[in-house]
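Below is one structure, written out as structure tokens; comments come after it.
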Amino acid sequence: MLITIKYFGQIAEVTQKDEEQIETSKGSILELLSTLNAKYSDLKHKEFQIAQNQELVGLEAKLTGAEIALLPPFSGG
Amino acid sequence: MLITIKYFGQIAEVTQKDEEQIETSKGSILELLSTLNAKYSDLKHKEFQIAQNQELVGLEAKLTGAEIALLPPFSGG
Amino acid sequence: MTHKKPKNVFQQGAITSEFIGNSIYKHQTKTSIGAHNIFLGQVRADEIDGKTVSAIEYTAYEDMANQKFHEIRESAFEKFDLTCMHIYHSLGTVKAGEICLFVFVSSPQRKVVFEALEFIVEAIKADVPVFGKEIFEDESHQWKINN
Amino acid sequence: MTHKKPKNVFQQGAITSEFIGNSIYKHQTKTSIGAHNIFLGQVRADEIDGKTVSAIEYTAYEDMANQKFHEIRESAFEKFDLTCMHIYHSLGTVKAGEICLFVFVSSPQRKVVFEALEFIVEAIKADVPVFGKEIFEDESHQWKINN
């Protein structure tokens, strides 16, 4: 399935883009993350949380096809 | 000695004045209060604190000749 | 902001939203500030025994009150790492919906302003000789008491 | 003030003192309010390794952020007896000394606004995906992290 992935803040600096679509088999967040780590080697030095469908999820969560976002530490306010 | 006494809020409603000067012998706040209670009979139904020279004082405090104020419950803000 | 000389905290009548906005504006040159916290006391149109409060008329033992405001200010600067602190209180008539108390604290850090503002407002309510007369629409009144 | 429908909390650029003053003004028709409490976040000109922050550039995962703001709002109304609550956050460039966050709570009683405001501000800092890029005067930058 085709998944939209969004990048923010210093994560977008690593990926050099704000958003992309990736074709992936159904799997876990962890599997998706392996793909991304392979594609963007500096990603593993960065701290971030992952949201699926606008909710934070753990690495074991299953991909549903909804939007994924890689979120660096929050600094609002 | 001549002492200035100030009345505020509902105390001034009882005394019908904001301020007066009273001739009194040196004594305690309690003695002054007896004089005032005799003069203004409704005063004993009212709750108030007493300040001398802008500081709250107890009934046993000695009169210094500085300004006295009868202060009903505070309700600023 | 010096915090050493006593000032007159009172102003005649309500404190306007323009005055508050302008006071915020003046702090934008102070670039060490990261957080402001503002408390505003507004006159409520309380209904008491079927009558509605239309205004509060404030009087104060002004000299003692300004001295108490000064002591509160000094002790807040001692306790908390504040950049600025401002207090304004109304005297005279303030209508329901209008603002009678404006307390403004600023600091580099947010945690500080929360603690400081509550400390200052509670001290004002407890220690400052200000007296509010609640005026009803029929011109009768009752004396307000802080809880 | 309805608190049921999600709204857009973001506005482009700094939040002006006029906007804040006007927001206070609009609450003067609500005569059940006795206490307002306002938090303002202001951009600090921090000096880091000899360089001075001249602005913060804010980006956000806007859909999720507005959803989180909405959840914070709902949970604050559930916990506290609030009459009104308003939250505004900047996107884009906010210069040192300018305001990037405006949180405004109102209630009949003062104790409520102190607790509610701190709850809301801490929740915003912790839960809302907003990202601040601190821009130095030489145009280099670093990413801000909330403590």
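Order as written gives the chain letters A, B, C and D; numbering starts at 1 within each chain.
The rule is short, and it goes like this: a contact is a pair of C-beta atoms (placed from the backbone, for glycine too) under 8 Å apart; a residue touches a chain by one contact, two chains touch by 3 or more.
Since we're looking at a predicted model, the values are computed, not measured.
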| item | value |
| --- | --- |
| Smallest count of steps, each to a touching chain, taking subunit A to subunit D | 1 |
| Gap in Å, rounded to a whole number, between the CA centres of subunit C and subunit A | 49 |
| Subunit B-subunit C separation of Cα centroids, rounded to whole Å | 27 |
| Whole-Å gap between the CA centroids of subunit C and subunit D | 23 |
| Sites on subunit A at which at least two other chains make contact | 77 |
| Two or more partner chains touched - positions in subunit C | 41, 110, 121 |
| Complete list of chain pairs which touch one another | A-D, B-C, C-D |
| Subunit A-facing residues of subunit D, complex | 41, 58-61, 63-65, 67, 89, 100-101, 121, 124-133, 143-146 |
| In the complex with subunit C, residue positions of subunit B that touch it | 6, 8-10, 51, 54, 69, 71-77 |
| Subunit C residues touching subunit D - in the complex, by the definition given at the top | 17-18, 20-22, 24-25, 27-45, 96-99, 106, 108, 110, 113-114, 117-118, 121 |
